[in-house]
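What follows is a pair of complexes built around subunit A, which joins subunit B in one and subunit C in the other.
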Partner chain A sequence: MNHLPHAWGRPRDDVYGHYNPSYLPTSLGGTQHISSMPTSHTQSPIVTGTSVIAIKFKTGIVIAADNLASYGSLARFTDVKRLKPFNKKCVVGFGGDVSDMQYIDRLLMSLDVQQNYAGSAKEMDEEDGGSKALMGANNLHTYLSKVMYKRRSDFNPLWNALLVAGLDEKDAPFLASADLLGTTYSAPTLATGFGAHLAQPLLRNVVPDEKAVEGITREKAVETVRECMKVLFYRDARSMPEYSIAVIDGSGVELKTDEKLENQSWAFAETIRGYGTQTVPVFVEDQDQIRTLDEMREYLPEDGLSAAMDDHPFRTATDPGEFRDIYLAAAQAVERMPKPRQLEISFDLQVDAGMGQGEHEFSYAQGATESWYQESSVDSKVGWGMFPTVEMDDQVPKAWKKVGEVKGATIELYLSEQNEHYINYRLIH
Partner chain B sequence: MFRNNYDNDSVTFSPQGRIFQVEYAQEAVKQGSVVVGIVSKTHAVLAALKRNAEELSSYQKKIIPIDTHYGVALAGLASDARVLSNLMKQQSLASRLTYDRPILLSEITSRIGDRAQTNTQQYGKRPYGVGLLIAGVDAKGPHLFEFQPSGVTHEMMACGIGARSQMARTYLERNLDEFQGASREELIKHALRALKDSLSQDKELTIDNTSLGVGGVEEDFQMYEGQDIASWLETTFENKPEGGEAMETDS
Partner chain C sequence: MAAHTLHTLPSTNPSFSFPQHAPSGAPTQHSFYPYTDNGGSTLGISGASFTVIAGDTRLTSGYNILTRYAPKLFKIGGSGPDHKGAKIVLSVVGFAADGRALQERLDTLVKLYRYQHGKDITVHACAQRLSHILYNKRFFPYYVQAILGGVDEVDGSGALYSYDPVGSYEREYCRAAGAAASLIMPFLDNQVNLKNQYEPGSVQGLEKKQLEAKPLDRETVEGLVRDAFTSAVERHIEVGDGLQMMVITNEGIEEVVLPLKRD
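And now, the complex of A and B:
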């Protein structure tokens, strides 16, 4: 179950081709008259919740989900509790359609009543084995998976991805998933929705397998889950920073529904590449000791920039990817330089943007900083994926100051609009 | 002639507040041969006396294993017991399928109790003519439940129903204190002795007319008949010479 609830349970376009919706209601792409159409039930979720994540620890389990219910991309309801406790031993986390969640919640409530009438849900601390007679999370999971499978077999699925977390009949931690197809699986860490992509690897770092669960404390598990919720909020556009978290262990269910993300840091966002206008620092040098090209080679990896800086005075990068390789090699080189670094970046751009030749020479130094690549910039004019974007009247960013001639090496870039995918650069010794 | 006008159906009270059809059903239980059940802290045992309609016929089944964790012993109309036991088998399987969990004995007992009770309250229906002892082990430990045609159910430490079962109950009441801590073997012996006490003078327990059902913690419910119970009969009644003779009657 990925981060697109609409796609859940559908044949993949890339495997089976485009889905033929002609028999569906016209609102869903159908082409036929209403009278001739077969009965069609829910074809897509409406109000949806995003990820649920959970992780086992030595004596119990932690599960979390944010409090948002989205209407498409609209953050419609911000106080929806998507973790539902059941009988002191279990918590069910719901991703997907919220109305179907509410339906299942009603099923859970009647199941609870039924269990209490059957006399199996006595107080946990009761002497006659009351806690053993409680339904375990494994029992609840089996039940829910049958409900889900029944509904998909009626062609009327409950559009959810569920995580069932809790203690099983023997009071051992239990975690398993069930989804709108009735598919089930179990693992020491689980995540639904966007979390299946983003949080699951982070959780697996902490608990790679069932054996590792023994070494995880409650505190560590809670910390890991909170960290994952933060990452999910950073990167999932259908998430919010208020969330619910539940810990289930021998002492019962501890459910908190009004948690807030703490210590957010969005610094990483500056480093994101690939979505918009890019910045390209091409060559960097230590200012304290301006290095010659040969000295510079010490810091360079065998391939990458050093290969680029061979004796060929002129090179043609045939695609943006090659250009990027040079950039990455430069980045690695800088990482190896002693700290603190004062860096100098220089460009010698020759631009052919179809308006005649122009020549720009930049040479900037940045104040001492670790995050050189975040701020080094030729003002967004050279970016892979965005060619050609060079303008004739580049403005030198005010935060940068010109430090004069470049020693060492200079790279000349030629950007040609006539042939968008070619970058020419030249090393000048 | 006196004629009872209040026993035509099970929905009519007599002026004394009785429902005769239900009482007649309970009489049917008393016609059935005796069955006994006992629980300890670790085990639940059923013992039953089987009857054969005639010398040449087989014996009527008295103990029915329902699920791996429990079984029932019946006294009364065997055909009604068949209906109830089939229902119990279905419900037990449904519990395993739906919840992946052996059904609780308290739960299955109350289910058939509810079912039996509705039969006493709907026009055109009749009560079940059978009493059951339901014994086995579930998540809460070993249990013994008694079921009556009226729909009444009780959890018991020890119980006997069927013809002449008063004698068995007397034995059980006298030895009640020993049951809780009894071992598996001791419990079986108690059940057999209780069963024996309810027999008329001219009857003996033999490997042919005796059934045993045993369930325990970490032990599936198992029915024992024929040669499998020979050694128990022998050791239980070894001080009685005629017990040994009864043993010889097989083969």
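And now, the complex of A and C:
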């Protein structure tokens, strides 16, 4: 990487040739005098927020956005609230440039003052319980879309994609979008940015058209939006697991700004090298340093065998990849032991009868064992090659079948009785 | 040097999914582009006493469907926000934001006309006004193809006008615009203007007699509109979801929305 900040964000010299600064002012190495340069407005957003998603339900709207403001690929500000409530019956969700969002928020504040201190509003307010005198979400959306279109027509865009959610003048749910070009549209589900690709199809599954909105409860809508936020966090690299969610219905705006994603599952990803912080087994060079089982633990993958060795005697491998990694971890642990080896490890393979689909996983494990066999040179009493000898058909006894045994430690692997797709293992020592 | 080797590679340059800039020469200027194409298609056919204007309701951005219901047809004039009593329809396709802006301006002007003159604007006056609006903004055009429809006040025939983005306009019997215009227009040429259709008994060669186009009846026209769109939906990804159709007669405007394929 180039350690000179000056070069960051510019085309690489080795790829594109020397950067041509002629269009820059003299202070930056160019030939232009500031006074002679044309006015230039925003040409690209700087600090940005990612997707906003929203869905209509029978009596209202749910809208959500995460709390991250990115600076390019840098997660710069992690506590930026991108949902802005307006007058008790609207919420505006902002994607795109954060400074433009803050500008629009100021516009909204002065609009709110104009609307609600206008005089007659207050009396009407009390007559009909409050909400009808307030500016409806439809009118707020019209206002914002005019602002956006005016700015794009001035070639000075507000670099945002907005979702306006709330209740209209008749207290019916209203959801619409406006973007930096002034394009406006409405739909029972909307998503901006990455969400348009990832969340919108999921939302449309739940609410395919305006008619389906009647059948959606508040709870279902909230659950759907939370699920979408999770999917977005899984796949959108400019997202974070803390988010804001707002529900707008007849009872007002319920805005929560510090929600956290729950029940995330990285079961598939954790066996893939390069995902997140998990460790996939790596050989340790200095073998002589490792002497005991306790010391060995340090070198085991955090999320793999060592977890099994400590607090959780049982773990469930949910796919062949994880099953294979357990083998490799154990194998490498043994390999790192100095010779003559103090520890012998074998697997207690316990197979349930009627494996059915379990066969696939099992044969996968066999393959892994064999390939391990080629790579290492462990001489333990009970060979790793025990696996291929296990019979794969229905004749395998129902009782747990013990394949091997060791003095120092035992790893048991067995196919779960409840679910043939699952493979459990544990280490006893 | 890496740059050297890179640029002396054989002419089979790899292709990139992002724009490649020249390594030297003029500076690259990134700039804001104020237009986009929101897809969709519109179509208008005029008859002896009516005009039909139709458009699909899909709004797209690239490969994304932004919404399945965004109207491209707007009533112009009449009274109030519901355009009560309106007898003119504007359809716009292209850049949706410009389309809405154009529709609002024309609607305001037509309403203002009634306020100032105490009578409804005629279709041909409205058509010329629309041309002026577009032409006035020719250096920063409304990026839309407009079609205006109504009933001619003089002879009661269907009136249909089509426009380019800078205001050139023409009264026609039929016109397709937008993404699938190139798919629909030849079909209309053949079915409405009877192009390439000859009298069955006429001799081959120079003696061939072209069939003469006559105003179609309403059922035939509505059938053609539906067929044109169901076919366009099959072949164009930016067209689909719904078919909004307005029929303008002397009695007023009838509107229907029919389903189209949503794939």
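Some points to look at:
The rule is simple: the second predicted complex is superposed on the first by the 221 of 429 C-alpha atoms of A that agree within 3 Å, B and C clash if a C-alpha of one lies under 4 Å from a C-alpha of the other, contacts with A are read in each partner's own complex, and residues count from 1 in each chain.
Everything below uses one rule, namely that a contact is a pair of C-beta atoms (placed from the backbone, for glycine too) under 8 Å apart; a residue touches a chain by one contact, two chains touch by 3 or more.
Small disclaimer: the values here were computed from a predicted structure and weren't measured.
After overlaying the two complexes on the shared chain, residue contacts for A:Ala133 are found with subunit B alone; subunit C is out of touch. Shared-chain residue A:Lys211: touches no atom of subunit B or subunit C. The partner of subunit A that touches more of its residues, comparing subunit B with subunit C, is C. Contact with neither subunit B nor subunit C is seen for A:His33 once the two complexes are overlaid on the shared chain. Residue contacts after overlaying the shared chain place A:Tyr149 against subunit C, while subunit B stays out of touching range. After overlaying the two complexes on the shared chain, residue contacts for A:Lys260 are found with neither subunit B nor subunit C. Listing the residues of subunit A that touch subunit C in their complex gives 11, 13-18, 20-23, 41-44, 149, 152-153, 155, 157, 177, 181-187, 190, 196-197, 200, 209-210. Against subunit A, the residues of subunit B that register as touching in their complex are 97-101, 104, 106-107, 110, 138-141. Residues 1-3, 6, 21, 23-27, 29-32, 34-36, 38, 59, 61, 64, 66-70, 95-97, 100-101, 140 of subunit C are the ones that touch subunit A when the two sit in their complex. Contact residues of subunit A toward subunit B in the complex are 118-120, 128-130, 132-133, 135-136, 138-140, 142-143, 146, 169.
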